[in-house]
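Please read through the structure below; I'll follow up with questions.
Residue numbering begins at 1 within each chain, and the chains themselves are lettered A, B, C, D and E in the order written.
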Amino acid sequence: MNFTRKVLSSQWVRPLLLIVVIVLAWDLVIRIFKIPPYLVPTPEAILHQIAAQWSMLLEESLPTLYATLGGFALSVLIGVPIAMLVAASPLIESYLYPLVVFSQSIPKVAIAPLFVVWFGFGLFPRILVAFLLGFFPVVVSTVMGFKSVEKDLTDLAKSMGSSPVKTFFKISLPHALPSIFASMKVSITLAVVGAVVGEFVGANSGLGFVLQRANGNFDQPLIFSALVVLSVIGALLFVAIDMLERIAIPWHASHRSRLLGRA
Amino acid sequence: KDSLTLMLNYTVNGAVAPFYLGKVKGYYDAEGIDLKLMEGHGSGPTVQAVATHNVDIGYADFSTMVKVAAMGAPVKAIGVLMQENPTSVVGLADKNIKTPQDIKGKTVAVAPGDASSQLWTMFMNKVGLKDSDFKTITGNPQTTINAVITGQADLLVGFATIPLISVEQATKKPARAILFADYNVNVATLSIIARDDMIKDHADLLKRFMRATAKSVNDSEKDPAAAVDALLKTLPAAGSRDTMIRTLQATIPFYRTPETEKAPIFHVSAKNIDDSVAAIVQYSKLDPSANVPAKYYTGAFVP
Amino acid sequence: MTTVLKLDDKHHRSFSAPAPARSLIELRGVTKSYRSAQGMMEALKPLDFDIREQEFVSIVGPSGCGKSTLLKMVAGLEAISSGTMTLSGEPIRGPQKNVGIVFQSAVLLAWRNVLDNILLQAEMRRMPRREAREKAMQLISMAGLEGFEQKYPWQLSGGMQQRVSICRALLHEPSVLLMDEPFGALDAMTRESMNMELQRIWLESKKTVLLITHSIPEAVFLSDRVLVMSERPGSIAAIYDIDLPRPRSLEVMATPAFLHHTKTIRAHFNAQGSLDDH
Amino acid sequence: MNFTRKVLSSQWVRPLLLIVVIVLAWDLVIRIFKIPPYLVPTPEAILHQIAAQWSMLLEESLPTLYATLGGFALSVLIGVPIAMLVAASPLIESYLYPLVVFSQSIPKVAIAPLFVVWFGFGLFPRILVAFLLGFFPVVVSTVMGFKSVEKDLTDLAKSMGSSPVKTFFKISLPHALPSIFASMKVSITLAVVGAVVGEFVGANSGLGFVLQRANGNFDQPLIFSALVVLSVIGALLFVAIDMLERIAIPWHASHRSRLLGRA
Amino acid sequence: MTTVLKLDDKHHRSFSAPAPARSLIELRGVTKSYRSAQGMMEALKPLDFDIREQEFVSIVGPSGCGKSTLLKMVAGLEAISSGTMTLSGEPIRGPQKNVGIVFQSAVLLAWRNVLDNILLQAEMRRMPRREAREKAMQLISMAGLEGFEQKYPWQLSGGMQQRVSICRALLHEPSVLLMDEPFGALDAMTRESMNMELQRIWLESKKTVLLITHSIPEAVFLSDRVLVMSERPGSIAAIYDIDLPRPRSLEVMATPAFLHHTKTIRAHFNAQGSLDDH
């Protein structure tokens, strides 16, 4: 009884339990509303498909994962410095920020074909789409984080003869880390979507390619299988960043009670 | 007057101008039909929309419809407008690719999964090409066109209509197509689709619709420019007139196969239907029990 | 009440050479106004005074009179609204760098533990790691913070946080020390020992010190001069020379000279009891 | 001279100047690299197209705008309460958060057709796609904002006999507002993309539809005109939220120097 | 040093009825340990003491000895690690609500101006708007903050922020007042007047007050009893009854009885001078 409770409330069981519940609910909805298989396949059909295509799905996950991680890495490596420039200088802000914002409301699926034309059918254009989707949240949140540094803190740094670059690395960046991590969580899931969109447009591998092919074949179970795999990849990456966050900023208010709980 | 909503296979282009011509000329009105035309977003969604009562009838690819119907969607084709499939390999004329054997060693752009990619497999089997004979690059239809224009690929697999015209217009050079149908690889394509209950309960309405449509298509065959003008009258911003006329002109030859060359519009041969269904079942890896042509086509409404 | 005493240049430091009379920081007609949604607000009326090299100056004055503002202006962290302010003859523009500052609130970095908060000073100034660490450990033990090196600010008591920020300000042995109520959150005993430490450090290294405090005895005990400010908008009410011999032991507090000074200064505050000895 | 400087540095001129620079750079790149018009049209062609199709573009912008605003409003109205639940209870967090995360890595373009099947061709499915894209950044940032409330502040509220709901509205929410606004900026641009994706899939109006039609016709100038209009819409909405932010949280460190600058 | 004086029940309030002897808050063997990355850290050794209804109790003790921790535990904001703690006989579980708390740091809401920060108390407790506003204005003028009603916390000096948090704690006239060094950032004069105000309020409304302070004279001047804590981990070193007549005027500070008390308490701190009168 106590054991059952413990198992049920453990951190790892909960998401699994959740998945089971979702699958059951899905099945029920399909049965109750008599949703035909040409609209939404049954969980059974999907599980069947996943089991059958297991190795193919796993194999095709890899290129998608690479593009995602590449795009995400670029998002952070380029997004944070951009945010730094924007936060540091109102002049740069007034020129760079609108440009960044302009670029955001464009559906990437509409311009992705151009990347294929310019950069070919390799990994790069997909990384680029993943980057374009992923970097904006990083920029916005990081700017917010940088700008919310209290004057006292920057005063302290100045009185220590700190250069702007040093102040950035020792004060602003750590201060903004909670915001940056929050944005990274958004960014990585968007990077997954970006990678897939990139694959839609021009690729002969990856889950986006699988989706596109399944779509043409009207293979609903395969479409949903690919979507399930994508969700899992996204969720795992999200969890990875969440764990990284706990390690990187144990000092933050959101983690205090967990890591150093009160007796 | 009965109102009827027809969902097209895609956004408007020259190929669907006949429907607009019929509207503008009042052919549908004359049959007591208030026809609403709705642009579409691919054949699949159109078939789904018909199956789920979101629209009354649709204009969609026959093979896509067969696949959806095989999964239980209660739909049928009631008229096959494009009996010959325009899928080809398209390339610039100066690449001098004239026969299937010329494809060897070239780069071919394919949109994976879509209807033309399956015909491509049939074609390869028919003419004895192997995957290893050429290089393949894949992407969405837009990308395949771009690839040929930019030289990333020598050929694309697609309709000998819009992609071909797009390539010619962009490069200002003549393009050429190797038509699969010329090698006896043919699957009926764009058709009028209706739901089973509609067929049962509103047979008369559908008959009238088909009559008016046949008239519209006949007129368009004679004067494609007039059809496009009718379209542009309804939707002034739909696109360039020249391009649309060229598209319609390129489409018209596919209304009939050599077998039905003399037959009136929509009069498809039973063999065409049987062969098409058999090919779809085989190449889409459908259950063999799905190979029942009568499930997918009824000739009862052909005028 | 606004009797500004004429400053005389003789100093009494019993065991050191006569203090140099050179003025380090000069304020001439310096004022400060803050702009706010309700319009401009005058924080400081024109101020004229000098802080000499190696001098220990304390500032006392009512809450909100502009002491912290003045200190930040001297540190170059807050722009002056008019007048001129020079350091060694050079106008102060932008933050001064060779200072140690203790702000009124502890201003500790939440993501650094006690030791690393203190070592921030060393990192910013590229001090040799090892020596800085040793020095930091010394300061930590001086401040009674042994055993808390690895704690984060939110795991410290208020007084401990304040002590960390004092250690940080002292780490690089700055020639100018600016302290804004550094001992406000400390109990009597801790405060006393910190005072003695501060005097020792000052006597040893001859820093120039500007100290804001609410404790008149503390001001008198430590300073060469005590600057009394009047209520908002702040101005200089008086400057007192404290000519008690150095080094001063705690017993000096019982001497009539000391009591005379505290009483004179206390008079500015209208205070009646001994409660004001803070 | 002084006047010129003033004009050049004014808040409204800068973005315009920027646009001019972009257009010139674009033109130059096309000329230098001899980019053919079937890939990227010249700015001239686009301007020409925009001028010619002005009224159509404007008209089609409206449905896109409605879907965007609808999706955005839902993002905030649903995202913030979800964030509240997630931040309030570790139990809810462990069940709800994974669900939300799962849903994110699915390319919306792959599931949007289902919405059309279920909800028809009206505005709703597009609002739904816009919402699905827009709400995740709001949830993540808001959770971060809620969780970073210092214990002192909640202690204060508790000692005042505050209920959790009151603490939320008086303490956590205002505290999280800077994070929420940052996420709203990301959300609104994503909502634009979502609306367009929704229109790609099932609509006979809106800029997404224009894009699709132009795509079918291979009408590059029209494609780019629609993209420009989309960018402008996105940027304007972004600016609107930025202005709202300045009004709503003038107290935040990032706005102090501007609103109440030091003399 | 750990002579815990036996508490006697007689109280001297010159102009009020004899104080009730009923104990309001009872601590029995209450301890507190904090868990940290370095293991458990004992903050408070077992504490046993009572606070009676309407009593004014002050706590003095070295920095870091656990005074703030104790106050938070009494407020129900920090869980006790062992022992029992009751309020009116009921165990304290979770935050107490009929209290006014002044935290060691001001804890003002950055998004509210002075008036609204004070009125937060009213909003949380659904006090009538108009009356609350009037009361707030009275408190603001009592604290010398007129003209700053519309300012945000970052536009205030340190002492002003502290005064705002005092006003906030008094707004709803709580029956129990818990104050953690409320006057630490105030100058002598302001502090003295706040002390007088606090005494007046207490005499008028008979609140139970727990005050943490570093000023021994302040503790003696205001309290019925002074609780002296020993160094970390904190325990009760002594409890002193202050049987000076009420109301007390500032002159009382010059009386031998007063000086005797301060001297006795000061002895706990090993302090030598008068610097420890903070």
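FYI, a contact is a pair of C-beta atoms (placed from the backbone, for glycine too) under 8 Å apart; a residue touches a chain by one contact, two chains touch by 3 or more.
As the structure is a computational prediction, the values presented were derived from the model and not from experiment.
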Taking contact as defined at the start, I'd like the list of chains shared as neighbours by chain B and chain D.
A
So using the touch definition from the top, which pair is joined by more C-beta contacts, A-B or D-E?
A-B
So which chain is the furthest away from chain E, centre to centre on CA atoms?
B
Using CA atom averages as chain centres, what separation in Å is found between chain A and chain E?
50
CA centre of chain A versus CA centre of chain C: separation in Å?
50
Just give me the whole-number Å value for how far the CA centre of chain B lies from that of chain E.
85
Indicate the residues of chain E shared as contacts by at least two other chains.
34, 36-37, 105, 154-155
For chain A, residues that touch 2 or more chains besides their own
39, 117, 151, 200, 215, 252, 256, 260
Going by residue number, chain B touches two or more other chains at 44, 48, 52, 142, 146, 150
Complex interface listing, chain E residues touching chain D:
72, 75-77, 94-99, 101, 103, 105, 107, 109-112, 120-121, 123-125, 152, 154-155
Name, in rising order, each residue of chain D that touches chain E in their complex.
152-153, 155-162, 166, 170-171, 174-175, 177, 249, 251-252, 256, 260
Note: in the complex, chain E contacts chain C through residues 34, 36-38, 60-64, 66-68, 104-105, 144, 150-151, 155-160, 163, 180-181, 184-192, 195, 214-218, 221, 250-254, 266, 269-278
In the complex with chain B, residue positions of chain D that touch it
36, 38-39, 53, 56, 113, 116-117, 120-121, 200-202, 204, 209, 212-219
Help me check something: in the complex, which residues belonging to chain A touch chain D?
9, 11, 14-15, 18, 22, 39-40, 94-95, 98-99, 101-111, 114, 117, 136-137, 140-141, 143-144, 147-151, 178-179, 181-183, 185-186, 189-190, 192-193, 196-197, 200, 208, 211, 215, 223, 227, 230-235, 237-238, 252-254, 256
